[in-house]
Amino acid sequence: AANSKITVGALAFTSHAASFVAFERGYFAEAGLDVEFKFFQAAQPMAVAIASGDADYAVTAISGGLISLAEKGATKVIGGALSEEKGIDGQKILVSDAAFKAGVTTPKALDGKAWGVTQAGSSFHYMGAKIAAAEGISLKYTPLQKTGAVIGALKSGQIDGWSIVPHIAKPLAKSGAVHIIGDVADYIPNYQVTTVFTSAANAANERAKTQAFLAAFSKGADDFNAALVDKTTSADEAEAMVKLIHKYVYTDREYEKAKPSIVNGAMRINKGAALNMSSVNDQLSWFKSEGLVKDSISMDMLVDGSYVSTT
Amino acid sequence: MHDAPRPVPFRGGGFRPQRLRGVGVAVFVVLILLIEWGTRAGWISSLTLPRPSDVVATLVQLWKSGLFFQHVTPSLTRLAVGSAMGVLAGVAVGVMIGLFSLARAGLVPLVAALFPIPKIALLPLFVIWFGIDEGSKYALIALGTFTPTVVATFGAVDNVDRTLVRMGQSFGLRWWSIVRKIVLPGALPGILSGLRISLSIGIILLVAAEMLGAQYGIGAYILEAGSLYDLERLFAGVVILSSLGVLVSWLIAQLEKRLLIWRS
Amino acid sequence: MAHPTILGAGMDLKIEQLSHSYDTVNVLSDISLQVPSGQIMCVVGPSGCGKSTLLRMIGGLERPSAGQVLQSGDVPPDCLNPLTFVFQDFALLPWRSVAGNIELVLEDHPLDGAARAARVADVLARTNLSDFAKALPRQLSGGMKQRVAIARAMAVHPAVMLMDEPLSALDAQTRELLIDDLVGLWMRAPFTAVYVTHNLAEAVRLGHQIVVLSRRPGRVREVMHLSTPLDQRSMADPGLQAAQERLWALMRDEALAADKELAHA
Amino acid sequence: MHDAPRPVPFRGGGFRPQRLRGVGVAVFVVLILLIEWGTRAGWISSLTLPRPSDVVATLVQLWKSGLFFQHVTPSLTRLAVGSAMGVLAGVAVGVMIGLFSLARAGLVPLVAALFPIPKIALLPLFVIWFGIDEGSKYALIALGTFTPTVVATFGAVDNVDRTLVRMGQSFGLRWWSIVRKIVLPGALPGILSGLRISLSIGIILLVAAEMLGAQYGIGAYILEAGSLYDLERLFAGVVILSSLGVLVSWLIAQLEKRLLIWRS
Amino acid sequence: MAHPTILGAGMDLKIEQLSHSYDTVNVLSDISLQVPSGQIMCVVGPSGCGKSTLLRMIGGLERPSAGQVLQSGDVPPDCLNPLTFVFQDFALLPWRSVAGNIELVLEDHPLDGAARAARVADVLARTNLSDFAKALPRQLSGGMKQRVAIARAMAVHPAVMLMDEPLSALDAQTRELLIDDLVGLWMRAPFTAVYVTHNLAEAVRLGHQIVVLSRRPGRVREVMHLSTPLDQRSMADPGLQAAQERLWALMRDEALAADKELAHA
């Protein structure tokens, strides 16, 4: 696959760092891929863009939209990216100050409270549902479309609870407007948060290109994990990594201000883009049980497991 | 060299649209059948359009499960309350602008500046101002219907025949009598045709209004379907909104027939 | 039911050195006239010479730049609106019935319901409109609409009727019919009127005095007095024909010039 | 008992709006000063409204950094291309509906059904149909401007004085001459005033269009500011859109002055 | 430049047992008439009796339900539109200048630019409009607009002019001026015309024959022939006055009845 042009969809989040690293350090070029990034505001349009052929590869959470598109034969999950892992700072459960003062200090106390989600079938919805199931409580899901709106609603006490990646959760908690009352990892162990996916056509017909992409992506992930997750590299290397990521993430902030957010936001990206099939299966079952996607969809339709190691 | 008498050739007619009943329905039917065929035969991919029969099935399902009313009722309430607020305020402000030079000079530029502001852009603010519940939804629809109503109303007041006003003055009618008995009834046709536009905008804004914190409502239903890329439900919702628009416009036509029998 | 009082009893109008300009356009210049009670004064003049403006000033709808309009004599107690207009385009409210249009001008006055209904019925009867009380304006021909407007004007028992080309929106035959109606009304109860028109035939049929205005700025060029009683004036009366020819001779050139004028682009 | 002569009382005037220059500007200035004072004094919380001076500073900053044009240029391009497509198609379809009974019977109900469909609801579909790049943005704005243009155009064609058409026929003018020389110029005023509405809607739709995969553009700028709850930038963007709306409406007024000098 | 041919040379019109209904409304019933070449036929009748409908049928703008309109005789070769209308409301394109409005009706014919310009200049000169060639309709008074419309009609060198109340939108004085113009034009080059009007004075001034229609459904009640040459007819001519009075006597009751008719609500 020499000099194939590909378009990679991305969000300007630290969780997409593996692609940025692979691009900046030339891993994509070495693999013969001429990569162009296409940035999105949210995960959902990215899935649609893969289906429409506007993007070739992307990394994002499994959403109802992604599954529906897979059911229509448009997209395939081909690998795993971000995972929850015990011991590494993962997604946090937040409550508003008002709810906290009213006694919601544990996830169990969220019973009957308003839980913020962007859209039905988003990962926030899944997390809320899993927490509720584990605690035996019920939540009122409030769709707010954008993470910004969820943050606004949480800060002003118009919703009670939410879950979000640590680099957003921690600064919010520090400001005192919200409180962290738990970890998502406690409720959804080995949660496969984000996956690598592509169009069904790419997965079936462009094997070489897809493999090249995954290989370069994994190399980027390894660098990232070493520098910021496992912290096995020198401080200089970590610094260089943060600088590299800062080119894409928090670009509107000065480096000094952006650095802590980037460092805090570092969660493990699976080695070799390995995919946690049982987590994916659990997510799919949940979507089906909620009636968000058609019952007829199977794991085979959603996942092409032939590219990476699966567990 | 007198020719034989011959009839005068006909050269009139045309340029007067005839009513052709049934063609409208036929176009819809043909279009739907075409899409049905295309989606079944496969030359319209399932990513592009849903199968019309599936959309109908979804609608039937929605109706049977009782969810139809669960979605339509809050939407109608929001539309009714929001546009009632917007239209009433709009008519009041429009009449003021029509009657008082000071109101006109002060408010017209403000309304003109307000008009091209996209309401979705203000959603985050509305949440802070009016909360995440019904308040912000009413406010959004009210704001969206307010500006077109103002523009239509003051245009209608301006268009009231000034000789009727002079007539009122020449008979020594009081200012308030002139406003009530001449200006307002005279502006009614313009206000009603403005209402048509305002309510259409209100319906369109339902989706924007239900972006924030609405679990039920046609807009919320459509948004959810969109985020799940569930085309059947998306189109079912669009069909409902579209029918709502046609219904509202029919209702206004009835209202016009009632209130404006005096028009020739 | 007979009309309760003789219309126009006792009110004279006097126009004193009246001039008017709109911005820079001089419209009327030094007009002095007198309208004796119980008589009809016709005003003729070329287009745009300020006839309507003059009438609006007489009726208090516009303020003259200079000069004044004076009324003297007392107004009968049942007169609700001493100076009452009849407009060229009828000025009926299209959303009110014939009776409703007449009631409109009574509603702001302290009349009880019975008195109001009596006045409406009275004027409808006098203008032969009783059968049309419930009709809407859009159902009426132009001639009928103007009859309604005349009935409305009479309902307030005016001291002076101010009529601005009341027949010029009507077709020629209806015009004939309405001239007869007006003559009939005046014969039964003489009213004071200022009657603006373009139509010289109308002027010689209805005017006790005929005021000829010049082109803009309108000045009084001539005041012609006609003594033939109104009911004895006919289309073919040679005296009136001669008067009409004389008026036309006076005005022809100015009418032509007014016609050829380009509107300020 | 003849009274002394007394002047006729004045009872006219009014009901004719006067132009009061400066009041419009004054209202804006007072409003802005009030908000400035309120935000400084603290009785308007910083969550409710940004400080106007900060908004101005943001605008200045935007200008100086050159980002202004980076955002405005793509938005203007989208508005121009999208609404050109929508308006041209709309005028063409509107004229067809105005001229041909069959087109009228078939297309009017379709347009009426299309009108109340909220364009944001169709965003996911638009990506599939037109791609995520400029295509879907143009299409969205084109669709949004299409329906109001159709309605305005066929209304304008219907309102062309039929005696002028009969005159053309009575002189034996060809059908196409009548359309070109009588119907189209006669419909122009109505089409232009429809254009005013269509372009306002186009501006409003910029935000919706730039919801999808736009890095630059006023709509994208506003959306980003909204999601960060950055009120200064949100209002700066809104001010730009609002000015754009006022500008467009002024441009159309100029166009009307040029093209319609023949109107009295 | 003199006009190239005598207008209307050689074309006669014959209306044979013409009847017409709109849906259920019977408008015209069994009309038979003849319009000899070079003469003006005036049609009078009460409102709504079908005069305009009749004229539209003569001009081929509407198809009669029964009967036919026949033309005989040859059309001069430079005649571009044998049957040419002049409308009550002028029907000028407001966006074209005076000259542009006249050019409009020449553009669809194979005339070269010079011939077209010559025709425009010719008719403008004959109607004294040469100075107004560049004016827009909105700048003109009503009388001037109708002169432009007449010039436009003459530009196609019609065989027959069909005039539907051409003066009734004008004020009385302008009407007088235009009657004089029309008489002047006819005297210099006699044209054939069917002239519909409400105005009996106009009819007796312009008509060689005057057709009186009854109320709807319009039937021919009387055809009056006048032999006084057009240029010798004056406002005060006793013979014409008598003719006018006779017409009015014929029509008065029907005019009154037509006026009182309620429009179908």
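So that you can tell them apart, the chains are marked A, B, C, D and E in the order they are listed, and the count of residues begins at 1 in each.
In this section, a contact is a pair of C-beta atoms (placed from the backbone, for glycine too) under 8 Å apart; a residue touches a chain by one contact, two chains touch by 3 or more.
Treat the numbers as computed from the prediction; the structure is a model and nothing was measured.
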item: Shortest walk length in steps over touching chains, chain A through to chain B; value: 1
item: Chain-chain pair with the highest tally of contacting C-beta pairs; value: B-D
item: Chain located farthest away, centre of chain E as origin (C-alpha); value: A
item: Where chain A and chain E are represented by their mean Cα positions, the distance between them in whole Å; value: 84
item: Mean-CA-position distance for chain D and chain C (Å); value: 48
item: Residues of chain B whose C-beta touches two or more other chains; value: 11-12, 47, 123-124, 128, 166, 169-170, 172, 223, 227, 229
item: Per-residue multi-chain contacts in chain A, two or more chains; value: 44, 48, 51-52, 65, 148-149, 152, 156
item: Multi-partner residues of chain C (at least 2 other chains); value: 59, 61, 83, 136, 138
item: Inter-chain touch pairs (all); value: A-B, A-D, B-C, B-D, B-E, C-D, C-E, D-E
item: Partner chain D, residues of chain E touching it in the complex; value: 59, 61, 80-81, 83-85, 87, 89, 91, 93-96, 104-105, 107-108, 136-138, 156, 162
item: Chain A to chain B touching residues, read off their complex; value: 44, 47-48, 51-52, 63-65, 68-69, 72-74, 119-122, 140-145, 148-149, 152-153, 156, 158-159, 292-293
item: In the complex with chain D, residue positions of chain A that touch it; value: 38-41, 44-45, 48-49, 51-55, 65, 146-149, 151-152, 156
item: Chain E residues within the chain B interface of the complex; value: 10, 13-14, 56, 58-63, 68-74, 83
item: Chain A contact footprint on chain B (complex, rising order); value: 45-47, 123-124, 127-128, 131-132, 211-215, 220, 223-224, 227-230
